[in-house]
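Both complexes shown next keep chain A, but they swap its partner, so chain B is in the first and chain C is in the second.
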Partner chain A sequence: MNVREDYDLIVVGGGPAGQAACLALQDRLARVAVIDEQSRPGGQILRQPPRAFTVSNWQAGGTYRKLKAQLRAFETLSGVDWLGGRSVLDVRAEGDGWRVLVSDGAQVASLRTRRVLIAAGCYDMTTPLPGWTLPGVMSAGAVQAFVKSQRLTPGRRIALAGSHPLQLLVAEQIIEAGGEVPALAFAQSLQSALVQAARRPMTVLAHAPQLLKVLLGGLRLTASGCRIRFGDRPVEVVGEEQVQALRLASGAQIDCDAVALCFGFLPQSDLVRGMGLNVLQGRFGGWTAVHDPWMRSSRPGVYVAGETTGVKGAEAAGAEGALAGLAIALDEGLITSVEAERRARGPRRRRGRAIRFAELLDAIADPSVFLSQAQPADTILCRCEDVTQGAVDAAVATVETPNAVKLSTRCGMGPCQGRNCEHLLLQRMNSVEKAPQGFRARFPARPVRIGDLTA
Partner chain B sequence: MRSRQGVVRGRPLSLQIDGRVIEAYEGETLAAAMLAVDARVFRRDTQDRPRGLFCNMGVCSECLVDVTQAGQPTRRLRACVTDVQADMVVSTTRAET
Partner chain C sequence: MRSVDVLVIGGGLVGCATACRLAGAGASVELIEASYLNAGASGANAGSLHFQIERRFLENGDALADQAAQILSLNRLAIDEWRGLEAELGDSLHVHMRGGLMVAQTPQELALLEAKVARETAGGLPSRLIDGEEARAIAPVLSPSIVAASYLESEGHADPKALTLAFAAEAERQGARLSLGARAVAARRVHDGYEITVETGRTRSSIRASKVLIAAGAWSGRMGELFNLHLPIFPVALLMNVTERAPPLIDQLIQHVGRRLSMKQAYAGNILIGGGWPSRMRLDASGRFDPGQQADLIETSLRGNLAVAVDVAPQVAQLNLIRSWTAVTAVTADQLPLVGEVPQAPGVYVAAGGSAFTLGPTFARLLARQILDEPEDRLRLFSPARFSHLNSFMGMAGA
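Let's turn to the complex of A and B:
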């Protein structure tokens, strides 16, 4: 594998957004690298099996066809250094470019680049409840990635609970891989989901095939014996050394050895905020990177694309990646503004369409019914440092800022760098009407051995 | 539970987790190899409660374990983004968290 020390462009993230940017550049920029923590490109939606595996019919089905075609095209680009299995720890301004620190788990490399595209995607939003730190409780995305990429069901009986329709897909994938799904619970009522849909008739019509797929998936699940519940939220995960059951608000207790929570996603914002790019706070406490119509961030030479700019699905991510690629070509003087405008038309249209659908999905998947429920004070809110919701609430009542809460409780001091708890703290603070500002971004974005940094 | 349908895994190899020798396959992540043998506790917290992994995508750090490989210092690595290697020695029982 090629690793240079100097690049024209470093792309963080090899998902649909990062791939589309490279494809739009068509190998016209000489020194381009794509860095990703996963060993193979694909991003979260196409988490590929390891090279050492042979998998037949991987992610078959229409939903994935276009994405797989884009991935194959990306993998055949000759001018891109694929730096997989490497985590970006930090991106900082240096001279007229950027210094990017990268760890492969053993060594830390320091790369220079003139331009950066952050296409780091999103992650499952954590939602605390009693028992959610027991071994066997994980995010729905975690379960899905084990199934898609490692061909492993992380339990025999996996109960799903959440508010996001993605859990229907996850349930089908578990069953297909040989696992059982004893329950699938939506916190919201079916009626409220339908009302949200009815408010957006044009979007529903425009995306009828996708919605129909969701419905058919639900019907197949029901036919296979998986009971889908609505208006029933998870209240406790029961177990001693690991998950034994999931208790729902209706009183139902479901025997299982794993629980997957599916309440939606938050944009990856650690690098973006560490670089000092402008961000906006999302409704549930996450941060989205601000950009112009060409996906240029608030700092020159830095572009943002995909779910880093807000969670709106793979289609929008790909479209934004393409726009960022065109913008980079334009800013490098590789194409004229006339060509850029012409080639941007398709991606802009696709992005607009995808955003309308994402708005519909957001409304249907609204996790508020769950988030607005009070959890017992001894529920762990900050997983890294074992800080309870009660301890956080007590601090929120006496100090003004998230950083002050962090200092007095240790909430946010652990190795997740606040990714698991910052939004939860902000939700608590909003509820007592304090100004929403986040933790100060802290180095490194991913854990690394100190000795490897100084080596 | 490893799914057997439609998949041929990499060559088998063995590694050690808390003194127990387990079999895994080339290409597997350490997290997958551990879950496949029901090793679900990745650490104990400040009150000695068992803790599991959460995100399986490198963001939560709940899967941090001590990994020692020949000729290398022990590193605290995220099991979900670390590929298994033959003769890795893994420990989930670090005193401090």
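Let's turn to the complex of A and C:
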């Protein structure tokens, strides 16, 4: 594996967005690196299993066909250094370029680059409820990551609860991998989901195949014995040392040995905020990077694409990546603006289409039914530091800013740097749209062994 | 218009603790804080209680070290102050006074330690010089490369996040008024004191005070300008690092006599590593240092600081770093704290500079006495009078 010290472009994230950017550049930029925590390219949606064990029939299904074709094309690019299994800890301005600190689990290398593309994807939004810190409770995304890369399920009977239709897919994947899904609960009612769909008839029509697939998936699940409930939100995970059951608002108690929660995603924003790029706050907390029509961020030489700019699916991510790639080629003087405009047309169209679908999905998957319910005061809100919602509320009553709450309660002071609790705090502060800032972004974006920094 | 005996500018440790002492003595007090309590250095420091002469006084020749030795009487007062704080303010301050070691690795450093301990002994501080073996017996985490250490039993650490808030709560109980999000923007002299203009959001109001205390940390120099004064206080940006929680590993405060290091295990188990490594301060629109902006981390500081930590305590290499932060504090032109009344502006007091986590509660107790006109000369060494030459042509004529 090649690692230089000086690059023309460093791409953070080898998902659909990062790949598409490299493909748009067509090896015309000499020194390009793609850095990803996963050892192989693919991003969250593909999550290629480690080369060491090949999984037969890995990610079959039409949804993934296009993405796999893109991945194959990406893997044949010869001019890209693939730096997998590495975490970007920090990106900071230096002279007319950027300094990128990268950990490979043994050392921390310091790379220079003239341009950076942040295509870091998203992560599951944490949604606390009583019992959620018991071993066996996880996010649907984590279950999926497990299933996708290892074809194993992290439990035998996994109950699913949330508001996001992705959980239908996750349920199917669990069953395919040999697990059992005793129940799947949507917090919102079926009517409200249908009303949202009916408000956007054109989008529904345009995406009929995808929607049909979701419906068929639902039917298959029902046929396999999984009961799909609507308008029933999770209220408690029951268990002593380990998950024993999931209790729903209806009073139903579902015996299970694992629970997966699925209320949506938040963009990865640690690097983006650390770099001081302009961001907007999302409805439920979380931050999306601001960009121009060419995916240029608010700072020169920095581009953003994919879920970094808002959670809207792999299709939009790919389109944004392609646009960013074209913008980089344009800014480098490798193509003319006429060529850039011509080649941008396709991605722009795909992006627009995908965003309309994402809006429909957001409306259907709206987690507010769950988030607006107050949890008991002793529910843990920051699990790194064991801070309860009650403690946070008490602090919120007396101080003004998220940083002040952090200082007085330790909420957000743990190893996750607030990834899992900052949005909750902002929700408690009841000012998600207004609060001008969250926690201060601090080095490093991922915990790193001290010995690696001194090696 | 509101009117008080004393207006305190700044809601860090020094401001809150002094407000508490003043209110406790019966004065009417208002404290204004531009941001939130503990927003400055007081909420972001290392929490070390270091009473041995600081390394920074040893690296610039004998004259400075002589002067620093004079601070020892204050350090001795501070030891007593800290021993009483939890009884007074509650036990959530995590005061941990289990000893402190300042280590040496080379013969030159050992010589520095010897000279330092001699000064301390002369100044009545019961530190003692021990060899590497004894140091490792006290703190097994220390590396075999440690050849000697000076040891002081009363050193340790406490929780900076809690202390300021505890003083603020006590100040309120004693009747002080704390105004948050309230920034001092102008000052003028009136016949019986000063009138301070305060900006709260978009509204402006005025407060009259017989006396004013500038306790604005790194902003104190700028606050001096409101009174037409030069206060030689400069902002400096430092680096701090914290590891994940670890099982008990370090019981003492560990410092280094020849290299920049302070290291301790805080109550929750995280190990804090600092020692005065620089960060890069940002500039404001007019091109001046801006203590209000988050300073930028300097990679060589980061690696350098951690390297010393690992060199002194090799086990630390195995821990994960979870966060590095930068924060801005204040140094004065001669490194000694600046505490007392400004001769050219009667009724204007300042308290800034120095290691004011360790010393802040003591400054507060003594300064409150001074402000209330009680006899108090233990702060003489720190009086702004030593910089009077800067203000020969400054100040505000009486109304």
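FYI, the second predicted complex is superposed on the first by the 449 of 455 C-alpha atoms of A that agree within 3 Å, B and C clash if a C-alpha of one lies under 4 Å from a C-alpha of the other, contacts with A are read in each partner's own complex, and residues count from 1 in each chain.
To be clear about the criterion, a contact is a pair of C-beta atoms (placed from the backbone, for glycine too) under 8 Å apart; a residue touches a chain by one contact, two chains touch by 3 or more.
Computed from a predicted structure; not experimentally measured.
Of the two partner chains placed by the overlay, neither chain B nor chain C lies in contact with A:109.
Look at A:197: by the touch rule set out above, it reaches neither chain B nor chain C. By the touch criterion defined above, A:415 reaches both chain B and chain C.
In the superposed model, A:139 lies in contact with chain B only, and not with chain C. When the two complexes are overlaid on their common chain A, residue A:101 makes contact with chain C while staying clear of chain B.
In the superposition on chain A, contact is made by A:404 with chain C only, not with chain B. In the superposition on chain A, contact is made by A:442 with chain C only, not with chain B.
Set against each other, chain B and chain C differ in how many residues of chain A they touch, and the higher count belongs to B. Of the two partner chains, chain B and chain C are each touched by A:451.
Contacts of A:92 after superposition: chain C is touched, whereas chain B is not reached. In the three-chain superposition model, chain A touches both chain B and chain C at residues 414-415, 447, 449, 451. Across the interface of their complex, chain A is touched by residues 35-39, 43, 161, 165, 180-181, 243-244, 268, 294, 296-297, 299, 302-303, 306-307, 309-310, 316-325 of chain C.
Only residues 37-39, 44, 49-57, 85, 87, 105-106, 123-124, 126, 133-139, 141-143, 145-147, 150-156, 177-179, 241-242, 268, 383-384, 386, 414-416, 419-420, 446-447, 449, 451-452 of chain A touch chain B when the two sit together in their complex. Those residues of chain B whose C-beta lies close enough to touch chain A in the complex are 1-11, 25-29, 32, 35-36, 40-42, 45-47, 49-62, 64, 72-73, 75-78, 80-83. Interface of chain A with chain C (complex): residues 90, 92, 99, 101, 110, 385, 399-401, 403-404, 407-408, 410, 413-415, 417, 440, 442-444, 447-451, 453-454.
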